[in-house]
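The same subunit A turns up in both complexes below, where it pairs with subunit B and then with subunit C.
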Partner chain A sequence: MSRLTLSTSTGFSRRTFVVLSLAAGVALGALGSAQAAPKTSLSLGMSVEPSGLDPTAAAPVAIGQVTWQNIFEGLTTIDKDGKVQPQLAESWVISPDGLNYTFKLRQGVTFHNGEVFDSAVAKFSIDRARASDSVNPQKRYFASVDSVETPDAATLVVKLKSLTGNFLYWLGWPSSVMVAPKSAADNKTNPIGTGPFKFVSWAKGSQVELAKNPDYWDKAGTAKLEKVTFRFIADAQAQAAALKSGDLDAFPEFAAPELMASFEGDSKLTTVIGNTELKVVAGMNNAKKPFDDKRVRQALMMAVDRQALIDGAWSGFGTAIGSHYTPNDRGFVDLTKTYPYDPEKARKLLAEAGFASGLSFTIKAPQMAYAQRSSQMLQAMFADVGVTLNIETTEFPAKWVADVFKGGNYDMTIVAHAEPMDIDIYARDPYYFNYKNPAFNEVLKKVDATADASEQAKLYGEAQKILAEDVPALYLFVMPKLGVWNKNLKGLWENEPIPSNVLAQVEWSQ
Partner chain B sequence: MRQILRRPTLLAGLIITALLVFIALLSLVWTPFAPTKMQIVHKLKPPLAHGLLGTDQFGRDMASMLMVGAWNSLSTSFLAVAIGATLGTLVGVTVAAIRGLTETVVMRACDIIFSIPPILSAMLFGAFIGAGRFTAIIAIAVFMVPVFARVTLSAARQIWTRDYVMAAVSMGRNRAKITYVHVLPNITNQILVQVTIQLGLAILTEAGLSFLGLGMPPPTPTWGRMLSDSQTFMGQAPWLALLPGSAIALAVLGLNMLGDGLRDLLDPRDNV
Partner chain C sequence: MPETGVSSFAFPESLKGQDMVALIVRRIAGLVVTLLIVSALIFLVMDLLPGDPASVMLGTSATPETLAALQKQMGLDQPLLVRYGIWLGQALRGDFGTSYTYSVPVAGLIAERLAVTVPLALLAVFLSVSLALPLGVISAGKRNSGLDYIVGVVSQLFIAVPGFWVGLLLILLFSVSLGWMPAGGFPGWSAGFWISLKALLLPAIALALPQAGVLTRVTRTSVLEVMSEDYVRTARSKGLSERTALWLHAVPNAMVPVVTILGLQFTFLIAGAVLVENVFNLPGLGRLAYQALSQRDVVVMQNVILFFAGLVIVMNFLVDMLYLFIDPRLRAGAR
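Up next, the complex of A and B:
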């Protein structure tokens, strides 16, 4: 009996196998012919899933990386060289005193839900961002706005209280995008903008899907892809596997530098090392002993061999910095020589500050690989100058924001600051470094007071020097943008002047 | 001695365990390099190219780290099992002496602790008191207690039915005294075997906790964290994963073989 059953089942499975292999053959053939025409869809990977999809409502850069320039657009925009360009504002005139900005708005622009973009919408967006109950992450940039007027549907006049040299630049940020009055409240889950892509769906924990907006206002700028899928994969091994298997077409910000070498020799993929604004900085609590003593901070800076740290923590990918500024920011000055690696001097300076017998404190390090590895490197380097560093791992962003960023309950921490040109954080009060230097604030005030680019660059140079001298935080390195994508994919940004994935001009060459 | 030589499992287990204990103890006084010394110029060197077992991504000597890791892993596990075995045995023999409702209540309580995976309870401890050696020891000890309570209870119950114990009871001897004089000495073998087997499990759990970042904080090398750190370097430097992985496997294998061998050796039924 059992033998009979067995033979029947074998026969059955053999037949199934034949059918299956036939089906597979047909499917493969279909796939082959589909690949002959250039693909029109893109599957792009990101390490971090955004917490919502409204860049005007929360700070995580992942929000802008999905939505900015794809779904949402601003009055101005920032191009791939970091320069301000007109977008929904065609042009503008600045009054001689520098306080009145008159924007000429683009006509014929509609939101994805059909609402028309005009001066009333622009006024709504700016007023919403600067309202007292606004949760805009860059709200302070709107603090200088005195009033917004709409003489006619195509004209917007913004009056400022004080000179704000970077106003047009800030208007280009993800947090300054234009939102439609009717849909603004729901943008977190159903974003509606004026951009070249429309939001389709968001499967939480997995992916966000966008589709081409056929009615885009700029015919020349219409999206070349029909469909874009952002997929969120936190694990670096899984990211690499998805790229190699062709599951993902691109990973603009690959998470593990040590795996970059594994893409070499892959016939499908290309690796592109670009620059970013990601400054890895070990901030210290300047209000707390012993960090209130400048000499301690300077000594710790001299205890750090930046190049060794880059090699050990980030496989040598990265550029050493001496201040809170990256080489692609205007007016950059290389200040890594202000307090270069010198353990002998560091030990002497510590002794001078009264810590000849050593010093012990804790670094609150987020779970990200760069932070953990850099902390371990700092631990070893500090040990050489008699400083004991305890590493306490903390969860980023929620716990870190509560404990360190808002609570100020820490000795030292380490995090990559992603915002471009954010040297002004050292002038903010309160800010988690608790750094207070009126001379520094004075320099930044002067930056705002001038619109002259070369004058601004000079002032930014001064600001960088003050920080390099005072060392409110240990300036370590700028992380590069480790891009990995399909060789046939054209138009992705190599560099990252602002955290983003601008996809309208991305296309397949074959 | 001849007994031991005739049992290859026991012998192998004994040798492996002794070797590990020796290496762990040796690490306290000597390692080839300082295990926390970073030499970036020598990073990711394969075994024999720099040091005996190569270097990790920071240029630290793998052999030294593994040696210190052995000490950390073994000492944590031994301590945890010692605490768990002591408390568990105490609970087991006490309940065996009292029986009745107490037995039901205590055994159901053990069941509840049993149902919570050790990793989960360790994460809970970690959240409250912070990660560290103490957390790991407590977390492992907590789930060892019911194991030992159960083993001692069933062993002790058998002893309580023996004639000489019943005689002692009928003569009006104190139950605590009977436990100490008659019960405990007769169940030592079972406890010893259980200790050896649980040690292997403890090492595995300790490695798991370190892997998840709930063990000892850096720079203290632990096998679990070495394994976790090696993940993204697997393609480039496979020894970073293979070495600590093998160390964990070897330690668990050795202790399990020792446990099995001991059980065979000490089981009175086998000697008949």
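Up next, the complex of A and C:
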């Protein structure tokens, strides 16, 4: 700033200007180190660049990780423990039959472009997400909405066709955020929300810049940082170099577990290992022989030493799971003991199913490191029980989606399922597991039928148990959240109950 | 300077203006036809690739209904030929389409990336030439000396070591340990010329070294060949010193193969720098192409590949033209 003033207000020659500005820089530097005022900017790294900045228009989690809770907010939100909290809806009343939700909306909220948030805007946002030409990636969660009414500017009534126990939770998702009618169409490139940060610029292929929203509706929740820069760095070595050189202040989801040890002893940085919602599961084609036989699937599960797999594939980071659920999720039950590692029993069970002389099939593994390395570990473990696993690398996402996900043309595959609380995928039909279990579907229906949290937790426990017992997919581990950031940085989430980088409360301690 | 035998770089009498124009027109017509064929091929190949951009965008939760809506929005519900026709028609009017992933016009996207890639490539070529030419010529002039041997080993080493690995070492030394340079990334030209140039310096070195290795070898071989030509011997027998004969006679005439390699290298630096761009996290054209491929951003792919194809053709054309200036014998042939 001082340089700019000097150059415009005086007629010095270029050289004088450079010398002066250098001197000013040195002086400022000396001053800075003496006073050490806390920094107010943050440079944060992400592996994947978002494809557009509208979380209501595309699925990639990177979109939400930049925009959710920073630029955009929802009627409800999800806190760092994965619990639903009110946000733009102050409170709500659910009718006794569970079908009518009456929201009391917060007053005095404006979008970054000055548009006022009221019930008409909320109705616009919900109707946009459920419209026939909607491209909302989670449109299914609005399927049960029958009508949206606006009795007055501060009241929104949503009527449902069928019971949807998780409705308030889905409303907290990135894909359910509130958007302004005038700016919604341009949110992909110029996102306008109600959040504590405003969008400033996007240098494609490089970085997104946000600045504090000084007019944020919640004075207590106003952003503590003035400026945030999201930088997109795909290469793990480049990520590590940027952190160590101080170019980056934080990498909440560092990409390479094998490089984590290189941060040990770094005086500036700290490492924080948490849980994500990414469940690494080796899905099987339950409609295809021999995977239509439960005993084969159970035997394969028992052939897997989960801890050894985590050690080999992901440097020992990650939590073993026994079902399609993470420790972040409400009602989590540890089911890794349902079919623990037991090669002897696995061989017996395979023999019982008619595969005493062995079995051979192919895993379609995406090119990502976790999938490739886990597949190699599985290959070795299966070999122990007489099963030959061929690994076929399948480009993710495009070819995987076409072949496995939509085509259902596979024996086994392995991917990290990113969506939080997505245990209901086993009840979807069609879905690539081709798993059909009416008893499981029944439990999930009961979840929808209640909005009571403890009742839901109990039911989710039942659902987890059915999957652990049936093994439609091999449940391996939850991807760790490998956080690396400056020691003086406070307020970043340790776990990630929903893919996000919630930054309003992040600040420098010195 | 006819008495020294150095070829004059002005147009010779033998190549008339109209011949030159005809030659250029022929080449441009060829260029247009090639681009048309390439564009059709790209369309076909992209269509045959498994996976469609709409399902990549919508992920695993999308309903078939949502997918259909997005495909319609992207125009993917149209048959291949119709899509090609629409694209071609728009391209002829200067509208190259809108990226699926970024939702911005592709032309601007490519221009943004070129603002990184072209300066990077130019800087790398500059570094590579200023290192390789003197080394190659000196090495040829003092062939079989200790110096020649050292240059030979060093240039072999440059060729053998991959650029991205050199990049990693440079980052470790200059960014992580010494803290003199940014560890990658590009601030954008708006942030200041020198800051941006600084960001490009390490990647340019990483790119330049392997190129310099090749170029040194080619220069040395080419100069040596020319040195054994009769006219160099004649020049020597007329009393010119070895050094004068080398720099005035041999070097200019040894430039044809060097320029050929340079042309190839420049194209490679624009199109093939993706690994180095990755290590240094530079928003260059190579990374755009890679990203677009994995996202099945067909619109971006088409235009980037077409751009590459066009670039190769144009570079070849320019190199051919350069030959005409360097080598008088080719000028007679151009008629």
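The working rule: the second predicted complex is superposed on the first by the 475 of 510 C-alpha atoms of A that agree within 3 Å, B and C clash if a C-alpha of one lies under 4 Å from a C-alpha of the other, contacts with A are read in each partner's own complex, and residues count from 1 in each chain.
We take it that a residue touches a chain if its C-beta (ideal position, glycine included) is under 8 Å from a C-beta of that chain, and two chains touch if they have at least 3 such contacts.
Since the structure is predicted, the reported quantities are computational estimates derived from the model, not experimental observations.
Participant: By the touch definition at the top of the document, which applies to A:390: first (subunit B), second (subunit C), both, or neither?
Facilitator: Touch status of A:390: first partner only.
Participant: If you stack the two complexes on chain A, which partner ends up touching A:140: first (subunit B), second (subunit C), both, or neither?
Facilitator: Touch partner of A:140: subunit C, not subunit B.
Participant: Who does A:258 touch here: subunit B (first), subunit C (second), both, or neither?
Facilitator: A:258: touches subunit B, not subunit C.
Participant: Of the two partner chains, subunit B (first) and subunit C (second), which one does A:351 touch, if any: first, second, both, or neither?
Facilitator: After superposing on A, A:351 lies clear of both subunit B and subunit C.
Participant: On the A-aligned overlay, A:236 touches which partner chain: subunit B = first, subunit C = second, or both, or neither?
Facilitator: first
Participant: In the superposed arrangement, does A:376 touch subunit B (first), subunit C (second), both or neither?
Facilitator: first
Participant: Could you say whether A:312 touches subunit B, subunit C, both of them, or neither, answering first, second, both or neither?
Facilitator: First partner only.
Participant: State whether subunit B or subunit C is in contact with more residues of subunit A in the superposed arrangement.
Facilitator: C
Participant: Can A:188 be said to touch subunit B (first), subunit C (second), both, or neither?
Facilitator: It touches subunit C, and subunit B stays clear.
Participant: Scan A:398 for contacts with subunit B and subunit C and give back first, second, both or neither.
Facilitator: second
Participant: Using the superposition described at the top, list the residues of subunit A that contact subunit B and also contact subunit C.
Facilitator: Common interface on subunit A, subunit B vs subunit C: 237.
Participant: For the complex, give me every residue of subunit A touching subunit B.
Facilitator: Spelled out, the residues of subunit A in touch with subunit B are 236-237, 256, 258-259, 261-262, 308, 311-312, 367, 369, 373, 375-377, 379-380, 383, 390-393.
Participant: State the interface residues of subunit C toward subunit A in the complex, per the touch definition above.
Facilitator: 49-52, 55-63, 65-66, 69-70, 72-73, 100-104, 109, 112-113, 168, 171-172, 175-176, 179, 182-186, 188, 278-281, 283-284, 287-288, 291, 294-296
Participant: Give the list of subunit A residues in touch with subunit C in this complex.
Facilitator: Touch residues, subunit A against subunit C: 49, 51-52, 57-60, 132-140, 188-189, 203-207, 231-235, 237-238, 241-242, 244-247, 395, 397-403, 405-406, 417, 419, 422, 425.
Participant: Could you pull out which subunit B residues touch subunit A in their complex?
Facilitator: That would be residues 36-38, 40, 43, 57-59, 130-131, 213, 217-219, 231-236 of subunit B.
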